[in-house]
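First subunit A sits with subunit B, and in the next complex the same chain sits with subunit C.
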Partner chain A sequence: MEALFYIFSVIAIVSALMVILVKNPLTSALYIILCFFALAGFYILLNMQFLAAMQIMVYAGAIAVIIVLVIMLLNLAKIKGAIKDFHQIVISIIAIGLLALEVILYLNAAGEKKPTGIYTNAVINKIGNTQIIGEFLFTKYVFPFEVASILLLVAVIGAYIFAKK
Partner chain B sequence: MLDLSQMYSEYFLEKSLLSVMPEAVLIIFAFIILLLGLFKSIKNGENSYYIALIGIVFSFLYLFILSNHTIHGFYGSIIFDKFDVFFFTVILLSGFLTVLLSKNYFDTRNVLIPEYYSLVLFSISAMMLLVSSVNLIMIFLSIEFMSIAAYILTGYLKGESRSTEGAMKYFILGTFASAFFLFGSVFIYAATGHLNLYKIHNFIFRQSFKVHYVYNSHTFLAIGLVLLLVGLAFKMSLFPFHAWTPDSYDGAPTPVTNLMATGIKVAAFGIFIRVFTSIYSFNILNFYNILWILAVLTMTFGNFAALLQTDLKRLIAYSSIAQAGYILMGIIAGGYYGISGTLFYLLAYIFMTAGAFGIVIMFENLKLASVDIKSYYGFGFKYPLTAAAFSFFLLSLAGIPVTSGFMGKFFVFSAAIKSGYYWLVFIAILNSAFAAYYYIKIIVKMYMVDNQSNNNSIADVINNSNVTVNNGQMEIIKENHVTSALVIVIILCLIFTLLLGVFPQPFINFAAKSVTSLWNI
Partner chain C sequence: MNVNDYLIVATIIFCIGALGVLIRKNLITIFLSLELMFNAANLGFVAVSEYLNLISGDIFVIFIMVVAAAEAAILLGIAIAFYREKGTINIDDANELKF
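After this line comes the complex of A and B, so read on.
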């Protein structure tokens, strides 16, 4: 298990780096898909098979297709030499510093005992991943679920308004 | 955790549905407007405008019926209490005024009318859901719901580059803010194991007795709270997170600007007060000091930037940033007086802002003035009544006595003094004196400067559209494309601005009564 974790992390980090280092947008879109697959691997390691399947279907499937489609529609075959801005470099250094600080804080606090719920790994494996998610979605979180559906409807209306000539 | 006895009780679900009744009515009416768009004859008329107004009135009605109840709904996602009653009233009023303002503005422009009104209703219902949610998931979803409706409405004027630019900036920055909020709630969940605000409150409360544990578990909680604050501060447009405000306020259609400056801001403050009183009040990481600095920076920056503006909408945008700083003072002062003062300020704020925007829209519709301040020069002589009303709203925004702005500032400042924030009040008073300069500058220009160059063109416009200018009359009422809706808005805002200024007692009682339910955890 531990070995798998490291393999997946190396794949995820390298592919995420390649997304921003590669010159060709189409190649970086393919690396994004690889990154999504590595993340799905993490979910499986954490005993969340349902989320892993969703990750592959929604992100690696649907969203990646949209990204590739947009690249082809806009005809972004190649990016001409990217402009390097001094402000961008300064801001990115600050952002990297903050992220590094966050990682350090996170690692420092990782050893603490955290409160855990009643759904431990054993319980989840016994009942079944999908069943628990479904049960929560339609009982405890039924209202957020309904609100999310209206939210998506509003987004569709927005897309219609902006696309209409 | 699932409570089985609650889950299988039909009565519980019915009660849950009651807790979202005012929002549900609005959403149903929004759907009705969308569906009526199928019929050509209905689509092109004024029907959607009237249906939107009726929807808001029905929502008011349900709010009034439910106003004495406290209902916990949907397994701790939603709560309906006195605090909600106050905020729902303010948000519904803001929505009502926005719908009234919209009619003339959009009639002359080539946009999809029914969708506009349904989106306004959707966004009002999202604001109400936001204020009444007590679960981090629910808060995030309502923020997203509200924002997506706001992005669409900001870019509603198709083909106008400023509108699209404003929507684009708002969208990209808003997505970042949502990401911050989500990240923050993940950390809070990791630290406490709960998503419900009250359960988080109880958890931290229990932890605060265990001396050893407290220090350790606060790393995650502190990170989470900082990130959560960033997400919420963006919606309240506090200083370092304000960058979207001027552009999207300026680019959006003016009625939408009114909705963003009043409704969205009120809803953001509402949820911030709820989160603040339940989680932040434990003063982890000295949050009072952080908010102190934010408030000072926000009002100082807002006022300085407003001073340099020549565009009226941008000026009001920057001044609304400064107002957010004053409103934040009441929350910092905290307690019963501070929060009820904040609520009163918010109520006063929507009336003066809506009134000012109403007059801007009136002049915009008549093509008498653009949003450039220079085009308002000398208006005091030509349109005495309208200019007088405009001056009154500006004086109220500046916080001159007799107006509601003064009473709002008075309550907030006195609460801050009561809590011992003398320096904060000192800086705020300096700021409001400073702010009075640019508000009064407009009034001075309206009454003191005779705008010779504009005279001819205005006379032409008036001749073309057959306006009879009677001195001392409400000269624009008879004009074709100013219906009574705008005049109703302005008169309503005038009455309330004056009423809140000279007779604030019933309103502050209402606010105080609603605040008490915040601590009934």
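After this line comes the complex of A and C, so read on.
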């Protein structure tokens, strides 16, 4: 398990770096698919197989395909000057490096917290991963679920209005 | 594995995404960096939820996926409209509000 964790970490971090470093947006889109697959591997290690399948179907399947389709429609492969000037890059790297350092320091300083829920891995595996998520979605979280469907409807209408001539 | 290891990986991916938003000019690449940040947040939710033996974090990941899909549709619609107006998707050309 440890070896798998390190393999997935290296793949995820390197492919995330390549997403922001390569020039061609199409190559970026392919690298982000690789990153999504590595994150799906993390979800399987964390005993959430349903979320891993959703990650691959929704992100690597749907969203990445939409991005590649738009890149094809707009003929964006030969855009020039894809990166900002030197001064701005240095300031950005320092700011983001400080952010990462602060979060990691906080994680190291944070105290232990006792697990509060009852859904250990054994319980989840006994009931079934998909079934337990479905039960939560349709009982405790049914109102956010309905709001999410309205949000998707609004997004469809908005995308149509933006993209139509 | 410890929950901290997952959170450190999520932090690194989030920071790479934020860096991409700051240093790139291409609208599509900025959108991909936003997706990286969403995914880092998802990984944090799942790791903490597994550590505390809860399900709520996993449910939230599903809602975040819904928001990300809606955002993808809207932002790519904006990209198409912007390209039609300007002939490019370099965000430095979005300067109508400059005075």
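In this text, the second predicted complex is superposed on the first by the 139 of 165 C-alpha atoms of A that agree within 3 Å, B and C clash if a C-alpha of one lies under 4 Å from a C-alpha of the other, contacts with A are read in each partner's own complex, and residues count from 1 in each chain.
Everything below uses one rule, namely that contacts are C-beta pairs under 8 Å (C-beta built on N, C-alpha and C of every residue); 3 or more make two chains touch, one makes a residue touch a chain.
Not measured: the values here are computed from a predicted model.
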Let me test your reading of the model: by the given contact rule, A:M72 touches which partner, first (subunit B), second (subunit C), both or neither? neither
Taking the superposition as given, does A:V19 touch the first partner, subunit B, the second, subunit C, both, or neither? second
Between subunit B and subunit C, which one contacts more residues of subunit A in the superposed model? C
Scan A:P144 for contacts with subunit B and subunit C and give back first, second, both or neither. both
First, second, both or neither for A:T120, with subunit B first and subunit C second: second
Partner chain in contact with A:L105 - subunit B first, subunit C second, else both or neither: first
Is A:F162 touching anything from subunit B or subunit C once the two structures are fitted on A? First, second, both or neither. both
First (subunit B), second (subunit C), both or neither: which does A:V154 touch? both
Following superposition on chain A, which residues of subunit A contact subunit B and also contact subunit C? 108, 115-118, 136, 141, 144, 148, 151, 154-155, 158, 160-162
For the complex, which residues does subunit A have touching subunit C? 1-2, 5, 9, 12-13, 16-17, 19-20, 25, 28-29, 32, 35-36, 39, 42-43, 45-48, 50-51, 54-55, 58-59, 62-63, 66-67, 70-71, 73-74, 76, 79, 81-84, 88-89, 92-93, 95-97, 99-100, 103-104, 107-108, 113, 115-121, 124, 132-133, 136-137, 141, 144, 148, 151-152, 154-156, 158-163, 165
Which residues, counting only subunit C, touch subunit A once they are in their complex? 1, 4-9, 11-13, 15-20, 22-26, 28-29, 31-33, 35-36, 39, 42-43, 46-47, 50-56, 58-59, 61-63, 65-74, 76-81, 83-84, 88-90
Counting only contacts in the complex, subunit A reaches subunit B at residues 102, 105-106, 108-109, 112, 114-118, 135-136, 139-144, 147-148, 150-151, 154-155, 157-158, 160-162, 164
Using the touch rule from the top, collect the residues of subunit B that touch subunit A in their complex. 1-2, 7, 16, 20, 27, 34, 73-78, 112, 115, 118-119, 122, 129, 135, 137-138, 141-142, 144-145, 148-149, 151-152, 155-156, 158, 190-193, 203, 216-217, 219-220, 223
